[in-house]
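In order of appearance the chains are A, B, C and D, and numbering begins at 1 in each one.
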Amino acid sequence: MPASEGPVSEILETRGHLMDTGILARVLDDVLAYGGDYRIDRLDVGRLHDDETYARLMVSAADQASLQRLLMRLQTHGVNQVDPGEALLRVVERDGVFPDDFYSTTNLETVVRIGSSWVPVEQPEMDCGLVVDIGRVRTVPVSDIRAGQSVVCGAGGVKVVLPHVDRSEGDDFGFMSSAVSSEKPQSLLLRQIAQQMREVKADGGKVLWVGGPAVVHTGAAPAMVALVENGWVDVLFAGNALATHDIEASLYGTSLGVDLAHGRGVEHGHEHHIRAINQIRKAGSIGAAVEQGVLTGGVMHAMVRQGKPFVLVGSVRDDGPLPDVITDVIDGQRAMRAELPGVGFAIMVATMLHSIATGNLLPASVPLVCVDINPASVTKLADRGSAQAVGIVTDIGLFLEGLARELVPGWTNA
Amino acid sequence: MPASEGPVSEILETRGHLMDTGILARVLDDVLAYGGDYRIDRLDVGRLHDDETYARLMVSAADQASLQRLLMRLQTHGVNQVDPGEALLRVVERDGVFPDDFYSTTNLETVVRIGSSWVPVEQPEMDCGLVVDIGRVRTVPVSDIRAGQSVVCGAGGVKVVLPHVDRSEGDDFGFMSSAVSSEKPQSLLLRQIAQQMREVKADGGKVLWVGGPAVVHTGAAPAMVALVENGWVDVLFAGNALATHDIEASLYGTSLGVDLAHGRGVEHGHEHHIRAINQIRKAGSIGAAVEQGVLTGGVMHAMVRQGKPFVLVGSVRDDGPLPDVITDVIDGQRAMRAELPGVGFAIMVATMLHSIATGNLLPASVPLVCVDINPASVTKLADRGSAQAVGIVTDIGLFLEGLARELVPGWTNA
Amino acid sequence: MPASEGPVSEILETRGHLMDTGILARVLDDVLAYGGDYRIDRLDVGRLHDDETYARLMVSAADQASLQRLLMRLQTHGVNQVDPGEALLRVVERDGVFPDDFYSTTNLETVVRIGSSWVPVEQPEMDCGLVVDIGRVRTVPVSDIRAGQSVVCGAGGVKVVLPHVDRSEGDDFGFMSSAVSSEKPQSLLLRQIAQQMREVKADGGKVLWVGGPAVVHTGAAPAMVALVENGWVDVLFAGNALATHDIEASLYGTSLGVDLAHGRGVEHGHEHHIRAINQIRKAGSIGAAVEQGVLTGGVMHAMVRQGKPFVLVGSVRDDGPLPDVITDVIDGQRAMRAELPGVGFAIMVATMLHSIATGNLLPASVPLVCVDINPASVTKLADRGSAQAVGIVTDIGLFLEGLARELVPGWTNA
Amino acid sequence: MPASEGPVSEILETRGHLMDTGILARVLDDVLAYGGDYRIDRLDVGRLHDDETYARLMVSAADQASLQRLLMRLQTHGVNQVDPGEALLRVVERDGVFPDDFYSTTNLETVVRIGSSWVPVEQPEMDCGLVVDIGRVRTVPVSDIRAGQSVVCGAGGVKVVLPHVDRSEGDDFGFMSSAVSSEKPQSLLLRQIAQQMREVKADGGKVLWVGGPAVVHTGAAPAMVALVENGWVDVLFAGNALATHDIEASLYGTSLGVDLAHGRGVEHGHEHHIRAINQIRKAGSIGAAVEQGVLTGGVMHAMVRQGKPFVLVGSVRDDGPLPDVITDVIDGQRAMRAELPGVGFAIMVATMLHSIATGNLLPASVPLVCVDINPASVTKLADRGSAQAVGIVTDIGLFLEGLARELVPGWTNA
């Protein structure tokens, strides 16, 4: 990357609950971490804790490229240029390759200055480029960019808007913005998640689930089925494993039913899952297997019966896979992306791979709860930039049963 | 340790479900691991899976001291000498010091050949010596041995009896002998533990609880209180932390109550717990604080009200501590030991230190369930010789609430 | 699955170190776990610990389908039918679908009775079918099976041969067959792994590495580069992440170099990795980027320079990806499979996804070491049937540096 | 706790790097978390990142008791009253009980206004009271307070001074203030810790080690012995377990030596450790055992030979214990406290219990490194208020060997 001619700087500003949320501290810390420097030119502190704070600062960096990268970084905190100017557009020369200085997106609400008006970015998604097309701006991943498209370059002409945090509502759900912990009253969390889901549904939003095979292992499939059948699962993202284990449990009910019912913890016979997959391949698809009466129970069966969409994306460790599994991961991302519009709440259960994948695609405005017994899964999601993620370290089986009890009146795991 | 004159050997035998339980494999493995060798002289295998197997083997070691240690080791698997002879007794010369070759106990049912009759050992406990006194044999820890007492030395004259495993009852509780796992149907486990507790109580046995502070942190105190008030907690072993957090939550209800009720996850004020301790010290004891109306809620309050004993043993990280805490750990072990007779079931929740301590003292005949969200706590207990331990990796809060729902009809965490 | 007419049985036999290795115990346990029953007809126990044991048992199950599944299961322990007869072949009717009762493979050495001679299976791999073609038998995954091919069905005519364990060599490497642990002398393990790698190379075998991005995060890239440059890495399997982080560290050396050199632990700028990917996409491939002088350091650069093959297989969480990444996971498995012939040792470092994927493909005869700081990664691999896996819970950075010191004389991380 | 008459408030101030360190954000957050409210009256922000910031704020709470607790809380962040006035003293009425409103200490440098002069607190330690005695002020834990002593009550007249963080030196050691991580270049950390230890020793300070039994399990004893013998261990805090395992490894060298040397991972014979303890009890003490030639190697032997003090404090799970173990935990704390003066650096290795215990006693001014392969141990220490703690998640064995290589020229684990 060619060095510029010398130190360069830019004037930035930001407004919001910068002090007690620690945002300003993180902003200043990032400036230093990126090798830049800052000068605070103005700071109008909210005197009362409900007041907003306004900060204006000058940041500098060794060269223009570094400065532009720093500016993009700071935008993830809602810090924008005072005078962003017009967006700089460049034409893509080759399919699948951005210009060197392309603007790399956050997952926050973003507006772009085109022809002296601010155009909102459609479908915010992180790590994409911004394609401008007849007055519209949308995110495009590098794999989908095509020669001839116009892409925003540099940080100029771009503004990011932080989600508004209404602190007075902290009592409802905001508390969950605190760190990952296994030491929180889980019953309370359960109730709050149920409440959140009710509100999203009431507003016409969709509830997206992302699940791993432990949903089945932990014996939580009946609870999950109850949730599906009662309309609490609008879309399901998963891999080959969740669907296979679920189908295996349904198809080989006698043996595996005993297993789950008695908690034997039998290491699954190596041949059962591949046989289950073979059965569904023979039927043609999961839906066909339901139709043909081959598959008569379980989570996938319930999804088919409810007419709810699912996206299964493969991974390199898959056996089979099931015919419904999308084996090309980039195609898989496209299929997931296509289901996101309208999603108002996302819940990720016992899966690290598909959770991170979904977190990468979701706009920051969608609340996201990640539930796992392994603290690492939960932290990893938050670390990767899904700042809106709330982590709950708990037992999947008991959690899903508790959620079913909250949302499905009269449900018991008898 | 002085070397003996050359290879020595002994003929051993054992009977039971040696094959499908893997015991024989472990026995042979241990012989090699201890530097010895074996020859299988006879093996009458149970042909059907309900039949018992009988094995006779010769084991050899480089010297007498090694052989004796190996014999003691094999006794932990129920392997005894064919011809154990009489027990060798030596008189203790100094307080708190065993003879060099003292017999180190297992926690299994044990009998000692004294004057040509087999005398059962009272209160089996691991890592003790066996004191013989007018025809009785009892376990004594090294710290309690006194000069002049007669102690069994060497492995001769000692037989260990493995707990009888009735495999036909495997469906009730036996499954739990499988390894630690977070991937088991937790609801089923809950139901089985509740059933086990009902049976122990029906037989007049006591239920021992060992608990850590996460019982309070996870918001499970109301469930725990319900269990205490309904007679499901006969004895409680804990440290300063569980009692302090519980009392702190009761005393500073306004602030911490809000905390627990809203899940704020507030790092507890450093001054609250020391203030809570100070209040109880002023009252004189937890019981006195209940009597004086200072302490009006929580787990410890419920224990006092129910007239159920608790043993709080201190640790080096304690603040305060509460006046009820036994600060000398060896005295603490004695106090715990004194509560063990009559215990028919032990459940350990969210505490590694006191769980291991209790595991060290319990006879192997007492079923023991260890519940923690951290797999390491659960494995550690099993690793230390508490082979009867069943580990459950789950969320403490949801687990205790589930148990309360099973055992206390009508209970809800409303 | 249609039930058969009633209880059916089969006579099985096995030979080897069945007792002290616990294999027989596991066999009997599996019979019960699969709902079958057994009768031991003969047991010639090795009297000395170097002698082999021979066992003959009758196993029974409720119906033929259950019995066949049980027989396949027991073959994973090296238990075969006394009278296996000829293999039953069926013709595949549709692409990608096996006959219902297809023989599902283990990853063990296997022979099939075809036309009264025993034919060895080429390239053992688990969860495949066995295709018979002009006297040859090879494993084929369900996704690659084609209509018209002949596939072995049922357990008849198939024998599995357990790997020979030479217990007298236990001191060299065999100790590592013990369970996963973070409490083992890591230096000793390091030395033994180095020794194992030297022997494999001396025998003309290839050393396969499977790596995750933590190789770069932990600062171990220089050690890894030294290992590559000195010929200790013959093939590398990884995902988009390892390669991207490695390339990112090379391309943005100034900023990220500072980071790694000073351990700042800066959360990587969200734009850096996507920019690194874009650079390589522009170059066309990693190899092209090396050739064009764009990429001048790091692990991938060293692989290219040494002319050693690498297979990068994508996952659904990938950004970009790099142009070398195979985005179709089934194609990715095929590419990995193609590199396996000749591999004599596999080492998996800090990656769960690609480790399990590789474990699925590897014959059981290839020794496999899995290194991670997270015990869960290590256990998961062993749980999934890669019984030959040795798990080491340790720090990746210090481990790779230690290995470099062992294998590359004079190497220091200065 | 009796409620006061209504909302009360106080004016506070603080100065330092409040912005980019996030301290001010935490202060404001704590005010709200404690149920109080704030108004920022003045904020002089450092314009450049090296400038200090000055903040004055009014905080209010519902009653006087709440306000005083809030004020004490804020002092942990270095926020003091603008007009603290004189300290209020009360006379203790009963041994072991503080007045209700006693000032509960932090572990920070603190001064108390007595008779119009500021008196520094001797030996800062958290969760203590402040005893005033003829113009001197010292920390006293609740268990050591005696009737008749004068104790500071309320937050008035007390000021806390935050440790000065010289940000320009960040490159040396400051980076380690970042969060716990297993993904940091461990070699670099090793080098920096070695450097820190050299500087502390050069300044005449003592290096305190706190260790758990994994020091022995991981095979790191030789490295630890080398560190002791070369003067890098001035004091050692541990429990019965570290010393016992170390002594057991020395006494039963033949069997356990083989074990450690070959990594067998043999579950230690239950009788070995109790036999080792018995031997030392017979000798009278560890020192006596060294003198008598009974104990001839290992870490404890090296400590005795070097004439360096160690404090072993018991826990309720101990067997034996060794005669040197202090079984009363409060006495144990006193013994540890007595060794703290002069300590300039503390390193805690593979022990949660004794690390937290030591963290409770140490002034915040002593840098503290906590090393464990289990992230939970490391986080727990930091969570309990030892804010100066730096956590390193790594392999103990490789870490200690690396440290020995850094500090002991020519050392190898050959």
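Following the convention adopted for this analysis, a contact is a pair of C-beta atoms (placed from the backbone, for glycine too) under 8 Å apart; a residue touches a chain by one contact, two chains touch by 3 or more.
These figures come from a predicted structure and were not determined experimentally.
Under the contact definition stated at the top, the chains bordering both subunit A and subunit D are B, C.
For the pairs B-C and C-D, the count of C-beta pairs in contact is higher at C-D. Between A-D and the choices B-C, B-D or A-B, the pair with more than half the same contact pairs by residue number is B-C. Using the mean of the Cα atoms as each chain's centre, the chain most removed from subunit A is B.
Averaged Cα coordinates give subunit A a centre that lies 31 Å from the centre of subunit C.
With centres taken as mean Cα positions, subunit C sits 39 Å from subunit B. Mean C-alpha positions place subunit C and subunit D at a centre distance of 45 Å.
The multi-chain contact residues of subunit D, meaning those touching 2 or more other chains, are 264, 374. Contact residues of subunit D toward subunit B in the complex are 1, 33-35, 66, 69, 72-73, 76, 94, 96-98, 100, 102, 104, 106, 126-127, 141-143, 239, 251-252, 254-255, 258, 264, 266-267, 269-275, 277-279, 281-282, 313-321, 323, 327-333, 336, 353-354, 356-357, 360, 374, 376, 383, 385. Interface residues of subunit A facing subunit B in the complex, by the touch rule stated above, are 171, 175-176, 178-179, 181-189, 192, 214, 217-219, 260-265, 373, 393-395, 397-399, 401-402, 413. By the touch criterion stated above, subunit C contacts subunit B in their complex at residues 19-26, 28-29, 31-32, 37-41, 43, 45-49.
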